[in-house]
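A quick write-up on the structure given underneath.
Chain nomenclature is as follows: A, B, C and D, assigned in order of appearance, with residue numbering initiated at 1 for each chain independently.
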C-alpha cells in the first residue's frame, strides 16, 4: 500500500495545512476508507481521484469533521470549507441569505440582521468568483449551474485555510469552470489549499498541483500532477488498463422507420423542435445549461406534455400524457437528478431496480424472490455494480453506483424501445462510464433507439450518431456525431451565427 | 337567597332594549346553550328542553340555540353572542363551574338573567339553578351498595374523567359514605370517562388483578353496562353494581331479574334529563315576574328492583334515559328521525 | 466482486427499528408478567390483545397511510361514523349484521377516497386534508344522529366480541385483527402492487417517472385506512354493545403513536407493517400495567408520556438515526 | 448566460425572504377584512360592543399559541403539547396564591422548561409528533396534580391587568398582537430566525453549513412552550380561573391556524405574522356561524370546507410547493407553467433528502 506521507508536499512539515493520519472508516460491511495518510501543504491544490465508491467523499467528510473517523485522525491548520458533491443550499432562501447563512452581519452588535450589509457582502462574494447573480433571487429559481456557483461562493467567502471541492464542476459550463479555475488560483496565491475531486480528467490536470488516487477505500497512488499521464491515472484508478472509453460505432441503419418523431414540437420554453430517433440510433442533444435540452428529453418521455406540434411513435401520432404511457410504449427515461427524481433512497437496490418492471417480472402480480434474483443478478453483473447486498438501501451506495442502479432499472424492461437519457453520467467515474457506454451501445445494436441529452460534449461526440445543438429553446443546428468537434458544437450552442 | 323576580324586573326597567320583559303576558326570547351532544344523556337533556319550549310556544318568541361541544372557550363565546343578541334570559349548562363565572356576571351586567341547568357555577349571581345534586347522586349509590353488602366487602370504583366537577362531586359523595365503613375496601378504581368500552376494559383488568370482588360503585350507567359485560366476558358471576337511569342498564337488569339472578342487583340513581324542561319553566316564571327558588336540587327517588318494571322500556334503545317528561311521540321522534 | 452480506442480515439491518420496537414490546410484556397478577398467563395476554383489536386494526390503516408519505387524522371520526352507521344498518338484528358492516365499510372507504383525492389531486397537505375531512365527517354524523345514534348492535356481533375461537383461549377479535393484518401484509409484501406502493411512498417523483400511478396508490392507502377504521369502529361498537358518536375520539393519535413506536417514519416508505403490532402492544400493555397497579390518573398521564418518550429515545439510540426524525 | 438577473432591487431593511413570506397571507387577510366589513354592515349583533370584545378576547390565546406553533412548524416539526401547556398555565395561575409578578414568572418558566424538554427530545432524534404527544400527556398529568378540577383563585393583581379593556379592545389582545409581531421579527430578522428557516428547509444542509441546528431547534420549541404558557394566561383572562382541561382544543386549532396562515408543513416556509389574519378568519367563522344561528354540527362541516377551500386557494394562487406536504422531494406534477427554472428549483430542494 502506498503512503502519501512526505511524497508530494515538498515543503517543510510545518507548512502542512492538512495532515491525515491513518484515517479509516467502515459502514457496516463496506470498508469505505482504509488507512489513509496524507499531508497537504499551504497554497497547493490536490486532486483526489478514484472510481465511484472509492471513498473520496467519505474521506473529505472526515477531513471536514462531518463524519467521525472509525480510527485515525485528520488535523487541519485552520478552517475547512466544503462544497459538497450534492448541493446543500436552502432553496427557499435568497442567494444572499444563503451565502451569509450563519454569519449574517448584524445591527447593534448582536441585534437583528443587517440586510443591507448582507446584500453587500453577498455581492462581494459573488464578485470575487466573477459571477453576476442577483443576490435577492430565491435559490430555487436558479439553474443547477448557478446554484453550484452560489455554493462555491459561499465556501470561498469563508476564507478557509482548506477548501474542499467535491465534484464542483459536474454541472458547470466550460466558461464557468474557467471562473472557478481563476478563483482557485487566486485562493492558492493567498495561501489557501484546495482539494479538488472530479471525474473529468482534463480538469484534473488543469487544476491540480498534486494528485492522489483512491481505490476501494485505500490510497493507491500519490504524487505531483506531472508524474501522471491520462493513461497512467486511469490505470491506477481503475486498477486495469482501460483500452477505450467509447465503444466502436456500429453500422447505422438509415432505412429503418423512426421510433420517435418530433414534428415542430413546442412548449415549456422550447419551440419548433423536429427530430427523429431510429432503431439502433443514438441521437444527442447538446446545449448550454438552460437552453431547453432537458425539456426535449422530458417531452419525449411523457414527463411534460407537448403544447404545439406533434410527437409520433412508429410514425403514428401519439399523445404521451405521462411517463406511464411512455413506458407502455417502450420509452424509458433516466432523469438527471438521481437523488430526488431517480431513486427511492430509503428502499433497497432490488426494490429500486425492479420498480418499473415489477408487473412484467411477475405477471401474476405475486412477488417471487427467485424470479427477481434471476432477473437482477445479470444486470448487476453487467453494470459492475458495487454493493454489499441487494437488500441494502440504495441511499448508501456511492453516487456512481446509484447512477448504475437507475440505469439498470430499464435493462429489466423487456419491451424497451427508446431510452431517453438526461445527463446519465454526471458524477460517474471513467470505469463506470465505460461500462454504461458499452451497455448503451449494446442496446443500440439490439435496435433500441437512444435520445441522449448531455452537457458533456465529449460524451456526445464519442457516442452519438447525430447531435442536435440547442440554443434558446430551438435546435440551432445538427452535426453528425462521428465528425463533430467541440468548437463546432460550442459555436452553435452559444448562438453565434455562422 | 334573593328571589330573582325583583332582580329581573328591575333590570328590565333599567334597560331600554329589553322591551318585552316588563310585559308579563308577552313573549320572550330565550338563549339556550347546548353544552354537548356527545352522549345520549346530553342529547336527551337538549331534547327535553326543546319539547318544553314547544309546549310553551305561547310564551316564547324565539329560542336562540348555540352549541358548545363541551369546550369551555366555545361556551363563553356562545353566551357572549347571546348577550350581543340581547336575549331575555340565558339557560346554560356550565362546562366549567369556575370559567363560566365571568360570563354569567357579564350577562347580569347586561341585565340578562342566567339560569343554570344540570350544572353549577362558582357564583351566586345566577338567577336560578336546576340540577341533580352530584354529591347526593354519589351518596345514594354508595349507601345502597353498602347496605347491599352488609357493610363489608371489596368493591371496584368506576369514575368519570379527572378534572371535571361532576366526577369530583359524585366521588366525594360516595367516598364520604365508604369512609364511614372501614370494612368496605376499594380494591381498584379507574377513570373510565363515562364510556362503556373504557369501563369494560378497566373492569377486565380489575378482575384479573383482584378477582375477589363483592360490588361495583359506578358513576354512570354506561360504565355499569361495561362492567356487566366485563364480568360476563370473564365468565364471573355478577355482583351488585350501582347504576344510573339509562335504559340499557334497565333492560339488562330486568332480564337478569326475570332469569332469577339473585346475586346481581342494582340501583338506578336518577340524574333526570327533564331538568331541561324544569329549567324552562323556572325561566318563564322568572321572566313573568313570579317568585322563583334560586337553587332547585332535583334528586328523584332512585329506581330499584321493586319499581324497575315501571321504568324499563324494552321497546326503546339502550341509549334512552328513563324517567322522562317527553311524551311517547317525542321519544319516537328522538329515536326514529 | 466484493463479498456480500447475507440478504437476511441486510434485511434485518434495514429493519432495525422493527427489532427495537419488538424488543420494547417484549420488555413491557415481561414487566406486565412480573408486575400484575396473572400477567404471565397466555389467556390474560390474549384477552388484552383481543380487547384492543380495534386499535390494532385502525393502526394498520394508519401505518399504510404513513408508508405512503401521508397521515390520517380522520381515523377517530371514521370509527365513530362506522359505529353510528353500522348500528343504524343492523337495527339490533342478527340478520342485518352483514348489511350494517358492509354499510360501515362502504362509508369508511368513501371517506378514505375523499381524503386520498384531496391529498393526491388537490395537493392539500395530508395533515390538514384529513383533519378537515374528519371534521366534516364528525359534523355529518352529528347532523344525521343529532347526537342520538339510531338502531343498535346485533346481539350476535356483541357476543362475538367477547367470544373465543371454539374452545381455545384465542379471542375472535384477535383473529380478526390478525386476519386484517395478514391481508394487508400480503398486499404490501407479496405482490407487485406492494412493491410499487412502497416506491410511491418513498419517492413519489421517482416512482411516477418509473411508470407508477402514484396517485392511485396514495388514494388506495387512504381508502384502505378508511376501511380499516370502519372495521375498527364496528369492532369497538360490538365490544361496547352500543353505538357512540364520540367513543373513538382518542384513537386518532393513538394509531399514530402505535405506528411510530413500531418504527414507521413520517417521510414515507420507511417502516414495516409488523411494527404496528409491536406499537399497539406497547401502548396496551403499558396502560394495562398502570391500570392494574392502580396508578392515579394524573400520574398515569405522566408515566405514559414519559414512557412513550423514553422508548422513542431508546429506539433512536439503538436503531441509530436515519429515519423518522424532524429532518430527513 | 440567459438566466442572469442583474436587477437592482431597492435595498429594504427587511430581508427579501421576509417580505416574500408575507405575500401568501395577502389573500386571507383580504378575505378576513372583507368578511369583517360585510358582517359589520349586515349584522347588528356582530358590531355590538359585547361581540367585538368577545371576539378579541377569544382571539388572544389562539394568536399566541398559533404563533409559537408556527415557529415549530417552520422547523418541519409540530407541537401537540401546547394545549396541555395552556391548561397547565391556567392552573398554575389559579393555584399559586402569590403576587402577579411571581405567577407570571412561574408560568413562563414552566412554559420555557416544557418547551425546552420538547426541544431536547426532538434534538435527540425523537419524532416531534411523538415527542409532543408524550409531553402532552405529561403536562396534562401535572396540571391535574396541581388542580384536580376547574377552579382556584387567580391573584387579583394578575386578573386586573389581564381583564383590562380599552374601549372594547382587551389588553390581552393588544399584548398578544405585540408578542406575535415581536416573534415575527425574531424569526424573520435575526440569525436565529435565518437558521430556523434553514433548518426547516433542510436539516442536513443546515448541519453541513455548520449552523447551530440543535440550538435553533431548542429555541424554537422553547418559544412554542413559552407562547403556549402566555396563551394560557390570556385564557385566564377569559375564564378567571384554572382548568386542567381547558386548553385541549388548542393543539389542533393552533396547527390549523398556522397552516391557514401559509406556514408550510414541510418546513422552511411561511411568515409568523400571517397567523394574525388566519386567527381572525377562524374566529370570524365561528362567530358568524354562531350569530347566524347555524347549529354546531353544521359548523363542523362549514369549518372543514373552509379549511379545504383556503388551502385550495393557496394552491391555485400559484404557491403549490409550499403546501405540498405529500410531495416531498419537490415533486410537482409536471406540465405546470414554471418551465425549466421550476424543475431545477425542485431538484435543488430534492437533492437534500
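Brief remarks on what is shown
Definition applied: a contact is a pair of C-beta atoms (placed from the backbone, for glycine too) under 8 Å apart; a residue touches a chain by one contact, two chains touch by 3 or more.
Quantities reported herein were computed from a predicted structural model and do not represent experimental measurements.
The chains in contact with chain A and with chain D alike are C. Chain B and chain D have CA centres that are 37 Å apart.
Separation between the centroids of chain A and chain C, computed from CA atoms only, is 42 Å. Between the CA-based centres of chain A and chain B the separation comes to 72 Å, rounded to the whole angstrom.
Shown for chain B are the residues in touch with two or more other chains, namely 37, 162. For chain C, residues that reach two or more other chains under the stated contact definition are 142, 146, 203, 205-206, 208, 267, 297-298.
Counting only residues that touch two or more partner chains, chain D has 144, 148, 202, 204, 206-207, 296-297, 299, 329-330, 350, 352-353. Pairs of chains that satisfy the touch definition comprise A-C, A-D, B-C, B-D, C-D. Those residues of chain A lying in contact with chain D across their complex are 66, 82, 84, 86-94, 96-97, 101-102, 104, 106, 111-113, 115-116, 118-119, 132-134, 136-144, 146-147, 154, 268-269, 290-292, 294-295, 298, 303-305, 336-337, 339-341, 345, 472. Taken together, the chain D residues at the contact with chain A in this complex read 1-7, 9, 11-17, 20, 185, 189-191, 193-195, 197-198, 201-202, 204-212, 268-269, 329-330, 334-335, 339-341, 343-353.
Every residue of chain B that touches chain C in the complex is listed here, in rising order: 37-40, 42-44, 46-47, 162, 188-191, 195-197, 200-202, 204-206, 208-210, 222, 225-226, 229, 232-233, 248, 317-319, 334-337. On the side of chain D, the complex with chain B involves touching residues 45-46, 48, 50-51, 53-54, 58, 61, 94, 143-144, 148-152, 163, 235, 238-246, 248-249, 286-287, 290-291, 293, 295-297, 299.
Across the complex, chain C is touched by residues 75-77, 80, 121-122, 124-131, 133-142, 144-145, 148, 199, 202-204, 206-207, 217, 252, 255-256, 259, 265-266, 296-305, 307-308, 311-312, 315, 320, 323-331, 333, 350, 352-353 of chain D.
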